[in-house]
Amino acid sequence: MKTSLTLALAGLMTATALTGAAMADDIVLGASVQLTGTNANTGRYYRDAYQLTVDKINAAGGVKVGDKTYTLKLNMLDNQSDVNLSVRQYVQLVSADKVNFLLGPFASNFALSDSSVAEKYQIPMVQGGGASTQIFSRGYKYVFGTLPPADDYFASTIEMMGKLTPAPKTVALVSADDSFDVSVAKGTRKHLTDAGLKVAVDETYREGASDFSSILTQVKAANVDAILWTGHETEALNFIRQMKGLNVNPAGLSAFTVGVPTADFRKALGADANYAFGMTSWLPDASLKDRWFGDAAQFAAEYKAKFGYDPDYHAASGAADVETFVEAIEKAGTLDPAKVRDAIAGISFDSLYAKVKYGENGQIVLPQVVVQIQDGNMVPVYSTDFMTKPMYPVPAWDKR
Amino acid sequence: MKRLILPLAVLVALALAVLPMVGSDTMVQFGINALLLATLAQSWNILGGFGGYVSFGNSVFYGLGTYGTAIAMTNYNLPFGVGLVIGVILAMTGAALVGLPILRLRGPYFAIATLGLNGAMMAIFSNLPIAGSNIGLVLPLARNDAMFYELALGLLVVCTLTVLWISRSRYGMGLIAIREDEDAAGVMGVNATLWKVSALVLASIFTAVAGGIHAYWSTFVDPASAFDSTLNVRMVIMCVFGGPGTVFGPVIGSFVLSAVYEVLAAQISTAAALLFGFVIVLAVVFMPRGLADVVKGGRAISWRYFIRNIRENRL
Amino acid sequence: MVLAQILLNGILLGGLYGLMALGMALVWGVLNIVNLSHGALIMLGGYTVYYLFTLAGIDPFVALPIAMVVMFAAGFALQWGLLNLVVRSKMLNTLLITFGLDVVLTFAAQLVFTADFRTINPSYAGANFPVLGLTVPVVRLAAFCVAVALAAGVWFLLNRMPLGRAIRATAQNLTAARLYGVNPRKLYAITFGIGAALAGAAGGLYGMISNLTPYMGASLTAKSFVIAIIGGLANPFNVILGGIFVGIAESLTALYIGPTYTDVISFGLLVVVLVVRPKRAVRAA
Amino acid sequence: MSEPLLTIEHLNAGYGAVPVLFDLSLTVNPGEIVTLVGSNGAGKTTLLRALSRLIPAQGTLRFNGEDLLPLAPEGAFTRGLVQVPEGRHLFPRMTVEENLAMGAHLRRDKGVARTLERVYSLFPKMKERRKQLAGNMSGGEQQMCAMGRALMADPKLLMIDEMSLGLAPVIVDDLLAILTDIRAQGIPVLLVEQDVFAAFSVADRAYVMETGRVVREGLVKDLANDPAVVDAYLGAAH
Amino acid sequence: MTAAPQSAPRTVIETRGLTKRFQGLVSVNNVTFQIAEGETLGVIGPNGAGKTTLVNMISGTLTPSEGQVVFEGQVINDVPAFRRAHLGIARTFQVMKPFHGMTVLENVAVGALFGRGAERSMAAAKEKAREWLEFTGLGRRIDANAEALGGPDRKRLEFAKALSMQPRLLLLDEVMAGLNPVEVDEVVDLIKKIRGQGMALLVIEHVVKAIRSLSDRVMVLHHGEKIADGDPTRVLEDPRVIEAYLGKRRT
């Protein structure tokens, strides 16, 4: 009895003793990211981008506040893809580890919960992992997002569809039922109606589903011109493989919110990835100039060299989160959370990711570039106008 | 030894009560979680430990408490207290309704039915617009962790007192009799159906309140976290690790495991879950009757105790 | 036509579901262990086939039997070295230990294989052919056939071979089986090994149809569980039929009620089957 | 006289802390049918369990010139000490043939088919019913199946626990006749019975047990009219 | 020597044509008997005669296929077991079923808490339990764990558990099995003591010697049927009974 109580208390003590305080000349950025668990696959973009950017900034001399120079430090924990654990870890970061500012986790549902901690403790959080409008509709003051609003993900795709010949007339909209994808679907419905397109099939599936044969059969029967799909990467993978298996092939196009820009996705699907449309809020383009990396292309090269895989918009967005803090701190000339928060709200700078400027609700607005996989490569095809000629219409599976 | 337990427990409770005034925020944070988990393990103990019915459906009541509170607070702007009450009423009704048919099942079939119930419940709530479907609900923000801490502590104390009462009352004797031999208990006059269903309902109350507190504290609920069957497995593990059917075993078991987990998570982040898995496996092999049984043996415990446990259960 | 195609989808998928559940049902029926790490074994089987395919260039259908042998060995070792130590313990304890095992296997897999999702993607992965206006995906059809063939194999083993006879005898009356010289330790290990091998085959097929991640196990355990109960533990073909039943039920639910309701139906079915026919699952092999 | 097949001397045995058998001695010679009778709870089944090495025991246990005590259940079984357990313990959802096959589970010799023929000739009814599920047969048929299964193991001593239990007298007579046939094939039998006169009608020698002890032993013809036997069942007033 | 009935004693339990079939197998066939207040009925019969099934139907663990169980004038076929306990039917089990994880005292207290005239308070129930434990000679083991008891003490515990329910009818199922002669005598004494309490007793026993000395009447079951019922000495000399036990003499 007594021994076990002592044990429990000892455990409690250790749990708190382990977390040391920051050194005086450091600026500590705290983050709890999915390093393991179901979301780890995308979580690693944030892990790596945060680390790379912090190292890069330190190598360039750190952060100047007034006449003092600080070194950036990263305090990153693994939330194991567990929302509850991530909330606890953010509290630990804020209250015990006394980090100065917060970087975000991946995925909307995590950002949704975790940002509450930032708001509660009034420590600014800049996150590049959650795009759901839900995160930014709560009137929170301390939460900023570098992913564009989920509602508009398909806006550029739909715009492009109007300019294709023959232009698709009927559309199937398939979405997962989680926060991000419901936001996407809701916005997309509106965009589709505005563009005068007919939604012939509108199906929502359970997050994590692996079988899409029922939906695909209905899509096939409806004989739509285009499929707009939003969900998670693994689901996109299954969806495309099952499209082929069931010989579902809209003459127009099929477009996906996630997956297409990642190397993993292409690798997993092989030739079957071809012709798939996708989107990205970021391309490793030399035209995106950056104070530390030079430009986005150099960022991508360094990233690939260091981690062995290509960065995608998650990574760029994560890098922009770190840069946001540095710019804002230098502008505010202090580490005071409230002042830095105000500085973030009014910030505007060019980065490898985009021109960073947050809207009223704390979210950045960016157009999505439509991309397509052509012969195994991701090719940007449309932004405000065509960039490369899309391969269109899409040939049948057996004619590829 | 035996006489010391109660005063010691009171002391520990008092010490825990002042923690928010002296401890760090993380400590409080960890405390809220540990206390809520302990409450869950303790309320699982009522039917599982005393009645011998292994439920994997207590997370249903946790979810109902969570959603009762969340729906009341977000959709109807009701105060937290009212939300809790609504959550509890939902959970109790649920417990009474499902208790009757599924408590007729025995052994693994009861356990499996409750597991299925949890899965079905999660799927149902992810389709309920009033519950925010699968997206979930965002609750208003309360910057008062000390309050959540004291609430959680209070709940655990009340729950433990209830279990203490059960362990010494006619009611508890009936439950234990059912656990040991349901037929014999019936022949001796125990109305097994009434006892089992009421135990489930009783457990549902504390479970639901814990869910409600957690919902308001974390400000966000969704079906996956509200009807999390691994949460239920954790309740079972913590209760069984500590000693099912004892008054303090589940509390100690969950404190110890929470601390172990927290330390592991802080120390070796990625391998924490892996090691936690090993802890469970080893615990089942070496101390199948829980910490309480180990402690009961006092100083006499040696490696022989563990060997004997293996002897008893191996093929 | 849509309905016919959806029924076909359900049947083909259901066959694979049945195969997933088959190993679980066998272990449950004979050893009286509800193996919560079954999904993790499916996952390991999937990765085995994946690596045989990608690293050694072995065709996945050829790799399948190799993976089954590997998984058999793993299952045998697990039962012999660990689960036999607790097999007479309370049902709760066997549940807990297999849950712990599931955690260990899952996170070990994450450390070894990383969290990247993998697909087993041979050149014919998306092939299909038309029959009476329906589209039949080749890999799914093959998976279905493998599932039925393995069920037939299990049936043959159980009903026509001395080893299977001993397995059934042990399931029906452990005392009597011991009395006539059955060594239950070995037999339990073999049975668990067979269960793991079946899980391995299911994992390989699953990797060809869907994708592999270290975390895929949990939901597959739940699914196997539902099917094992609905199909009963006695006859391998019934387990496959149970899988087909669930596959069709899910497909129809997706069509008529909505794809977000499939879990309501499969878990609802589980509860209803248990409450209405509690004896259904009791009969073991 | 040569050494008995089975020698039990000063045997004590029980379950955990509860002793059941006290200082018990018994022998079975080759070619004999020996019966052990006594009322319920006298310890007959416990003795069989001790012989099959399922429970610990102290004293002397020798079978076919070998010490049984250090052996595991499998060891006793493979040395030819085969038991037909009380309540038959068949595999209910297996056919008669499969049940019989289980009896020869450990045998690797070529004689299995011959043994099966022998069993079928002893129990022609089993041959008729060989495709039937054992659980669906009548009590008498189940007992035949259980005995046949034991014979399939090629026993050196056949031990039968409560053969007549719950069976109609006509059927018991059939079974008794078969016991004689079995003995004629050279297999000695240790028959544990409650039905004294049934047992006495085929046995050579008998032991009478009461509360864990042997209270009478001797040739059946001597014991048949011994009032002690009736006393062991119905109390001293007889 | 039988106790001479004072006035006409009331019938406590009565069965009318009680029958139980298990999947076509008749376990108890058309058994009719009654036991009066203060009377002890011994039930004997070879293994598998249906004795325990009979007790199960009276205590409520089994439902009869046909016939009626009548307790104090009321047909109780559909009354669940726990309510029969409240009415005053108590039994012991052939395979003893002490509640593990409870002390001896608590085991007996369960009876006092849930039986006829149930105590609501633990203290009172434990007091009562203590009395019955003294009565059954188990006073010295009050705080032991139930599973720690040896054979004879377990029997005493079974008695105490049943008695603490204050039954009107007590069903004793083979309480002497596995006891040595000295212990059998102790149990016989105990039952004689219970007879003094005025309840109806049904005693199933194999030790016929004991039955003879205990019973007012003896009923013999064979293959589920009642083959004799009456004065112990006469019944035990009935050739049919002897044959049922020893088997028929073969030539």
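Points worth noting:
By letter and in written order, the chains are A, B, C, D and E; residue numbering begins at 1 in each of them.
The definition used in the following text is that contacts are C-beta pairs under 8 Å (C-beta built on N, C-alpha and C of every residue); 3 or more make two chains touch, one makes a residue touch a chain.
Nothing here was measured: the structure is a model prediction, and the numbers come from that model.
Chains that count as touching both chain A and chain E, per the definition above, are B. Fewest steps needed to get from chain C to chain E, stepping only to touching chains, is 2. Seen from the C-alpha centroid of chain C, the farthest chain centroid is that of E.
Separating the centre of chain C from that of chain D, both taken as means of CA atoms, is a distance of 43 Å.
Separating the centre of chain A from that of chain B, both taken as means of CA atoms, is a distance of 36 Å. Centre-to-centre spacing of chain B and chain D amounts to 53 Å, using the average Cα coordinate of each chain. Separating the centre of chain A from that of chain D, both taken as means of CA atoms, is a distance of 76 Å. Listed for chain B are residues 123, 126, 134, 270, 273, each touching two or more other chains. Within chain C, contacts with two or more other chains are made by residues 107, 258, 260, 262-263.
For chain E, residues touching at least two other chains: there are none. Chains touching one another, given as pairs, are A-B, A-C, B-C, B-E, C-D, D-E.
Here chain C touches chain D in the complex through residues 162, 165-166, 168-169, 172-173, 175-183, 234, 283, going by the rule given at the top.
By the touch criterion stated above, chain A contacts chain C in their complex at residues 36-38, 40-41, 43-44, 81, 177, 203-206, 208-211, 213-215, 217-218, 220-221, 233-234, 237-238, 241-242, 244-247, 264, 268-270, 272, 397.
Residues 1, 4-5, 8, 12, 23-27, 29-31, 33-34, 123, 126, 133-136, 138, 141, 143, 145, 218-220, 222, 224-225, 248, 252, 255-256, 258-260, 262-263, 265-267, 269-270, 272-273, 291, 295 of chain B are the ones touching chain A in the complex. Contact residues on chain C toward chain A in their complex (touch as defined above): 1-2, 5-6, 9-10, 13, 107, 110, 114-119, 121, 125-128, 130, 135, 137-140, 209-211, 213, 215, 219, 250-251, 254-255, 258-260, 262-263. Interface residues of chain A, counted against chain B in their complex, comprise 1-5, 7-8, 10-12, 14-16, 18-19, 35-36, 77-78, 80, 83-85, 87-88, 91-92, 94-97, 109, 112-113, 116, 119-120, 132, 134, 138, 177-179, 182, 206-207.
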